[in-house]
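What follows is a set of notes on a single structure, which appears directly below.
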């Protein structure tokens, strides 16, 4: 058949197509109209795949920050927004990172969003001296791998785990807690800090891990049969919602608590307001509806995207704005190296917290807040420092 | 034993899962019987039924939770609409993704790739149309404890699923055993060439088989969505599990699909009370391997023709 | 002799006009129009606006109930007209196309042309990548190169021996984690980072892990295959699917051994004869290219050897093959083991190149995608495997810039269906397959006998 012909002809054609789409990639960027230099702020995170929603929350927030910065009109350059989809997986990380590295006008990246993709991408960012500030990668080990340009504006999970344990032991007065994680990197990391902390405070702990699924009735049975007074779920809101439904249906009457990945208004929607009522959350995030600056953000976000800001949107907004403040400081002659160096000493007041870092890339200030679902809305109760006695 | 503590409770939730698996597994088994094809896209037929039912109940339910007769009507309507949507998608699927391949006597693996392609297409277009968040259905009734069996509480959800599934299974059994269509399905499953020589319209039988499987899968999608919320990718895992159940019971065998579904549901639920829930899928696939080792054609063996 | 049709009144014209329309819709032209319009509607939906959980019908309304759909419908009608008139044109052009086809056939059976073709392909593979942007280099190295190797391996299992394996990615995982294990250190002295929590008895350069990974994969392949290769085609499929998932879940759950969902970080790069590979992509590409070329040469030899012919016999009719004395289980195990080891090699290269592996790299969809690449490219054909994998990985990456990223797989899925409808033999089918399929289309024999699909077969 014409097999050999196809090899002979199709291969060069195919490769030619690859070349044509490949060439010119590194020559994008440069100046736009008006003679002002163009600098790009990039976002890397999941924009497709199962975790797309979380990624889109952050993508939108960065877009908003860029637009507002341009609208203000006091930048010595034009700020452009670029995003790269890594699907939230370690597979997707390197190509997405390379796409951003290849664009010479990208001087900083907000992201990667997920810890797995971060681990796969950071060696490349470090090599390229490209600043990367993650709004959501909370795995505690990320700052110990020696990634020279990696920062994160969220405290690592060990802060949250320890503070949540204190709250459970001393404020909820729990004697026996059921700690469940979703066998994801985030969930295992959080429960791995929570459980030893709880045990250290004298609470007896039962552990289980259940990968994301829909039917939690068997799990609910286990919980009810264990006669615990508190359940803490380390995972994401969609699964927590279904788990809550199953727990209530099985007759569980104790405390129900989740982490920052669970805290999202969608939890209330998907579990049903009746089932969600009273659920508690720990979160290293400040309440975006209380701070007046945050209220402006929420309004602007809604106006631009016709949806409420979601989980991690405020953090991404702060990350973007802190970077923009450094870009302004360095000015139009900025390079990646200059930006990365200048960012070390950033001190920016964001809507979630003061953005300032210790040398290893951890954000200073690890206030953990406690929230509760009241009348169908997630309301802040206070910080653990305020709420935990003794 | 580790599961004796809540044995009956777990068995009940296992039967509930199992009945949903059974309804979906029937779709796989029916299509396999007539075409020897693993209809990978059946999981999306299931998903489409969930969304079809969602539209209907969202349009009809007000702010108060209905009860009594209106609950029953709404559930019935949801099941019917879910089934119809599922059947339609299955019909289109057969026409677009499989019939052209049958015309050219394409190899079986080409069908499989077409099925995978159709599945990817349908999942992602549903995600595009309906967003990627899970969507809860409005409450059609108040879910409470209806009665107790051996100390285990049986809830309204379970009763709804059980009754709906039982009715559909009886309907299917009658269809296959006593109607012309059922005879056609059995004939084509047994020997397609001879059946066509005897005057059976193969194309029509195959199309109708897909539709019947789709009706069941779509209804299952609505019932699933009622309890577990509706989402664009809700079909993937139940699809794999149901296919496993179909093979477990004997692929191509209707009673086998039902048995396989129930066995899988119960074993999964009992099993995770003994070990960490993270091993649930290992238990499910482990049971499959064990059964196939000793009974290579599934618990009840193959052959749609002989089973009915 | 028929009588003149009597002129009909309005009410009589109605039903027979609908009948006429219905009859016409069943003709070829009618069906083609239906297909074109259906395709137009689907395209309109694919390229239209998106909906969301709060606005469930926004996408459909914006795609079909607006001006958006009109352009597509027009395009559909135009396409239909082209197709119907095309069949008339084809008849007129036929003598010319036949002559061209004849010349092609004769030219391409000649060995010098074939070898020249391979040489050109190899030259392109060596010279072009350094000219590409870093993004495409990364895609070549971490996606295309790796998956081409995986596809070639699965091609042996599915294409040569006809065994439907849906859990192929498990061997890739075994190879990667073997690399993670043996590149650790027996002790925890400073500077000695072990990617896994468990320490190996000795530290190895990733190159030296290759034979160990191959051995581990052969053992795994034989362990999986011995009880299951007796099973019929579709049963084998679900069992291998289950095996793939069992491996991934076990890795994810065994935190003390594998670090669970966090994965293994810090796997070193290759080094040989004083040369160290780094994050730099082109040296990794040449390494991959070398492995791929060697594998291709080896498998080509295998295909034309006694083993290859035994595989073909088993694939086409296992019962007959066994009757002629071929030890079918042994050959099937061999195919499984060879496929598994290729996958393991790919795993070692990937682990070393990225430096990080996690259970998320080994999800079920990846097994399915490798199968898709094998069949799309042309089952049983080595050039097909290379082209299939390359094209189907290139496509979503290039689509990233032209369609919203979350919609990419809509196009991908549609392409698969369309490809199977119009060219089920794949892009470059093996010559033997092409003949089988041609005969099957003409009605002679089945297009394949994967595991004995006729009812009544044992």
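Letters A, B and C mark the chains in the order given here, with residues in each chain numbered from 1 onward.
Assume a residue touches a chain if its C-beta (ideal position, glycine included) is under 8 Å from a C-beta of that chain, and two chains touch if they have at least 3 such contacts.
Small disclaimer: the values here were computed from a predicted structure and weren't measured.
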Between A-B and A-C, more contacting C-beta pairs sit at A-C
Greatest Cα-centroid separation from chain B: which chain? A
Report the inter-chain centroid distance for chain B and chain C in whole angstrom, where each centroid is the mean of the CA atoms. 28
Approximately how many whole Å separate the CA-defined centres of chain A and chain B? 36
Between chain A and chain C, what's the gap in Å when you average each chain's C-alpha atoms? 33
Which chain B residues sit where two or more other chains touch them? 132-133, 135, 276, 278, 281
Give the residues of chain C touching no fewer than two other chains, as numbers and ranges. 52, 54, 249, 252-253, 406-409
Residues of chain A that touch two or more other chains: which are they? 52, 183, 209, 211
Residues of chain B that touch chain C when the two form their complex: 32, 36, 38, 54-55, 58, 96-97, 100-101, 104-114, 116-125, 127-133, 135, 189-191, 240, 243-244, 247, 251, 276, 278-279, 281-282, 284-286, 288-289, 292-293, 296-297, 303
State the interface residues of chain A toward chain C in the complex, per the touch definition above. 1-8, 10-12, 14-15, 17-19, 21-26, 47-49, 52, 85, 89-91, 94-95, 97-99, 101-102, 115-116, 119-120, 123-124, 127, 139, 141, 145, 183-185, 187-189, 209, 211, 307
Taking the complex as given, what residues does chain C use to touch chain A? 52, 54, 104-105, 107-109, 113-114, 116-118, 120-121, 124-125, 128, 131-139, 142-143, 249, 252-253, 255, 260-263, 265-266, 279, 354-358, 360-361, 381, 383, 387, 390-391, 394, 397-398, 400, 405-409, 427-431, 434
Quick check on the complex: what are the chain A residues that touch chain B? 50, 52-53, 183, 208-211, 213-215, 217-219, 221-222, 225, 238, 241-242, 245, 249, 251, 266, 269-272
Of all residues in chain C, which touch chain B in the complex? 38, 45-46, 50-54, 56, 59-60, 158, 164, 227-228, 230-235, 237-239, 241-243, 245-246, 249-250, 252-253, 364, 368, 371-372, 375-376, 379, 406-410, 412-417, 419-421, 424-425, 436-437, 440-441, 443, 446-448, 450, 453, 455
